[in-house]
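The two complexes that follow have subunit A in common; it is paired with subunit B in the first and with subunit C in the second.
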Partner chain A sequence: MIIANRKPFEEIKAMVAPFNRILILGCGTCVTVDFSGGEKQVGILAAELRMARQLEGKPLETVEHTVQRQCEWEFIDPIADMVRSVDAVLSMACGVGVQAMAERYPDKIVLPALNTVMMGMPIEAGVFVERCAGCGNCVLALTGGICPIARCSKNLLNGPCGGSQNGKCEVNPEIDCAWHLIYEKLKAMGRLDALMEIMGPKDWRPAGGGGPRKIVREEERLEFMEM
Partner chain B sequence: MEYQPEITLFTCIYCGYMAADTAGALRIQYPPNTKLIRFPCTGKLDVRYILEAFEKGADGVMVVACPIGNCHHFHGNVQATRRVQYAKKLLDEIGLGGERLEIFYMSGGQGGTFANAVSTMVERLKKIGPNPLKNGFKPK
Partner chain C sequence: MTEQAPVSRLEKILTKGYFAVTGECGPPKGADRSVIERKAQYLKGTVDAVNITDCQTAVVRMCSMAVAKILLDLGIEPTMQMTCRDRNRIAIQSDLLGAYALGVRNLLALTGDHQSFGNHPEAKGVFDLDSIQLLQIVHRMGEEGVFANGEEIEGGPVRFFLGAAENPFADPFDFRPYRLAKKVKAGARFIQTQLIYNVPKFAQFMQRVRDLGLDQKVYILAGVGPIKSYGAAKYMATKVPGMDVPEEIVERMRKTPKEKQKEEGIKICVEIIQQVKEIPGVAGVHIMAIEWEEAVPQIVEMAGLYPRPEV
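This part shows the complex of A and B:
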């Protein structure tokens, strides 16, 4: 899922300073699961902003709502009346949701309350780690299911580098060396021969090096084709 | 008239509430400034409840939990502690001040400790002064 982090309160407060009535819009998918932008976080941020503004003598009216997914038209179309009734929308979705709202409601100011950080997963309650970098050309078959792009600080394809010390990364001793993990995993599985395959220079175009990416599934499209 | 802080007190039905009950049974006097709200466990404490109490005009919020290691649900009081720490940070950001919120730990037999905790909080809140959101503030 997409993992995000709430922006500092001061930054959010400054963004909404010019407005008197805002919609704080949560998203019910990824950012709900990572506790950054779900219904509960919408309630907390709304209460915080109302109280802070009240203390400043400039009361803020908030409308709180959470849609199932902010990144799909079908979920954000039904809230048009709500959006119309406010001065600005403070989106607690990832960057995709913020842009979807800004595109669907072009006359409305849409502000991001979160910093979108990574694609990852919770390894325990409240701890989230990066697992995929969306590079567009998966190599997990060769690396024992451990990604050297997302989990090696240098994205090495034939690692480890000289900075791998006792299984830890030289960038930060809290980070496990991905190539150490890959070696141990393949060794335990008796698959060390997988490391004999040299991975050539990576084509970074599918990773975004060729500009913004787009995927079209012709079999799913509804537009009539010219036959 | 002297300012009397209003305190919302969140407690679990085990140690916390029993400590309040013991204080009563032992006829221990403590300031009458608290409004008790019982949870099945302080692990049910939510940052939203704390903020709502302040938004509706509470001068302070107290959480009374079982001693660490003695929670009937293993670690509800640890989770409550973490949420209190987080809510303190939020209260500082808002400008109300995190010192208006505190968590106390005690077992069911400690009626005197309960009374002391309430007195401590009342004294602290008298020094801080009333919740500035209290007068004329209408939540949405």
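This part shows the complex of A and C:
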């Protein structure tokens, strides 16, 4: 899933300062699960903003709504009337949702309330970690199911570097050394020989080095055309 | 180990079987070349080649290629260090062509310290390649005369005497000799290790290196360096990742009166050189006396490694 963090309140407050009536739009998918931009967080942010603006003597009117997925036209098309009724939309979706809204409603100012951080998962209640960097050419088959691109600070393909100590990364003792994990995993599985192969220089084009990425599934398109 | 004629003095020293001594010169955090000239006077004639660090610990300093050229002008053979932190494969290969044209022949290929340790922690690290991939690329530039993409280099092969680093004390300890083997497979002809203070643990590492037959394939230079003070010893023992400074060395520095600590640090360094010299498979020492270059002549002399052989 996509994991995000709410922007600092002062930054959000400054962004919406010129407006009198805004739509605070949550997203019911990833950012609901990571507690950054779901229905509950929409309610909290709306209350905080109204209160702050009340104190400043410049009341703010908020419309609160959450769609199931802000990154798909079919979920954001039905809220056109709601969008039309406000000065600006404060989106609590990830960057994809913010852009979907901005594209669908080109005349409306759409503002991001979140900083989109990573693709990852909760490893325990309230703790989220990065797991995938979307590099477009998965190497997990060679690394015991542990990603060195997303989880090694230097995204080494032939680690661990000299900064691996007691299973931790020298960059931050909070970070597990991905290559230590890979080594231990492959050792336990009797597959250490896989580590003796040198992984050559990576082709970064599928990772975005070839410009913004696009995937076309022809069979899906044809079906759509027939409809 | 190779049929080809040596390209550098360091390669000659090692291929002829002499015990090599290399030093290190940290470029200044400024553009004043006299800083290098001052450091160089202590290294000229006392070591076979001088490593020039590439913005070590990710702090902006004069670039290693420029310092390498200054050393060449002063009659000192440089070993240029090249990291993957700040350059992609285009910039790296371009710099290598330039360095070669300027007369640089020894190259140490490194991944590089992470930018978060340096003075611009907000910078974006590049890491297009890692050190092993860099070794592969430079090796092919020399052997096949091609760039990373397979395209031919105009004018033929660009052959460096190619080295790599290894930290025998990093984790997982058991995997370190295998990672060294990967570096050799990628094209490393010499290895300079992280600073050694724990000699028994290094000897254990070397035993495994010999078991893999790696000492027959690569020249291993043991990294050594004088400790300036008790404070420095304590700092390295507790604060520097990947460093292994045994308690007895910290204790020995602690018991030494402050005014004698520098002398004691040099003495310990010389003792370590003498100990690692006896370990089979050790082909030389790499003396790292960053910001204390003036200690190097004394260390080399006390260790019985002066004068350096003429090759």
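The rule is short, and it goes like this: the second predicted complex is superposed on the first by the 221 of 227 C-alpha atoms of A that agree within 3 Å, B and C clash if a C-alpha of one lies under 4 Å from a C-alpha of the other, contacts with A are read in each partner's own complex, and residues count from 1 in each chain.
Definition applied: contacts are C-beta pairs under 8 Å (C-beta built on N, C-alpha and C of every residue); 3 or more make two chains touch, one makes a residue touch a chain.
Note that the coordinates shown come from a computational prediction; the quantities given were computed from them, not determined experimentally.
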Discussion item. Contacts for A:K40 in the overlay, against subunit B (first) and subunit C (second): which applies, first, second, both or neither?
Written reply: first
Practice prompt. Mind working out whether A:S153 is in touch with subunit B, subunit C, both or neither, as first, second, both or neither?
Written response: second
Item to complete: Mind working out whether A:L55 is in touch with subunit B, subunit C, both or neither, as first, second, both or neither?
Response: first
Item to complete: Using the touch criterion from the header, give the chain among subunit B and subunit C with more contacted residues in subunit A.
Response: C
Item to complete: State whether A:G208 touches subunit B only (first), subunit C only (second), both chains, or neither.
Response: neither
Practice prompt. Check the residue A:F9 against both partner chains and state whether it touches subunit B (first), subunit C (second), both, or neither.
Written response: first
Practice prompt. List the residues of subunit A that touch subunit B in one complex and subunit C in the other.
Written response: none
Worksheet, complete the sentence: In the complex, subunit A touches subunit B at residues 9-10, 40, 43-44, 47-48, 50-52, 54-56, 61-62
Worksheet entry | subunit A-touching residues of subunit B, taken from the complex the two chains share | 46-48, 51-52, 54-55, 90, 93-96, 132-133, 137, 139-140
Worksheet item: Quick one: in the complex, what on subunit C touches subunit A?
Response: 84-85, 89, 111-114, 116-117, 125, 127-133, 136-137, 148, 165-167, 170-172, 175, 178-179, 181-182, 185-186, 194, 241-242
Discussion item. Taking the touch rule as given, give the residues of subunit A at its contact with subunit C in the complex, in rising order.
Written reply: 153-167, 170-172, 177, 180, 183-184, 192, 195-196, 198-202, 204
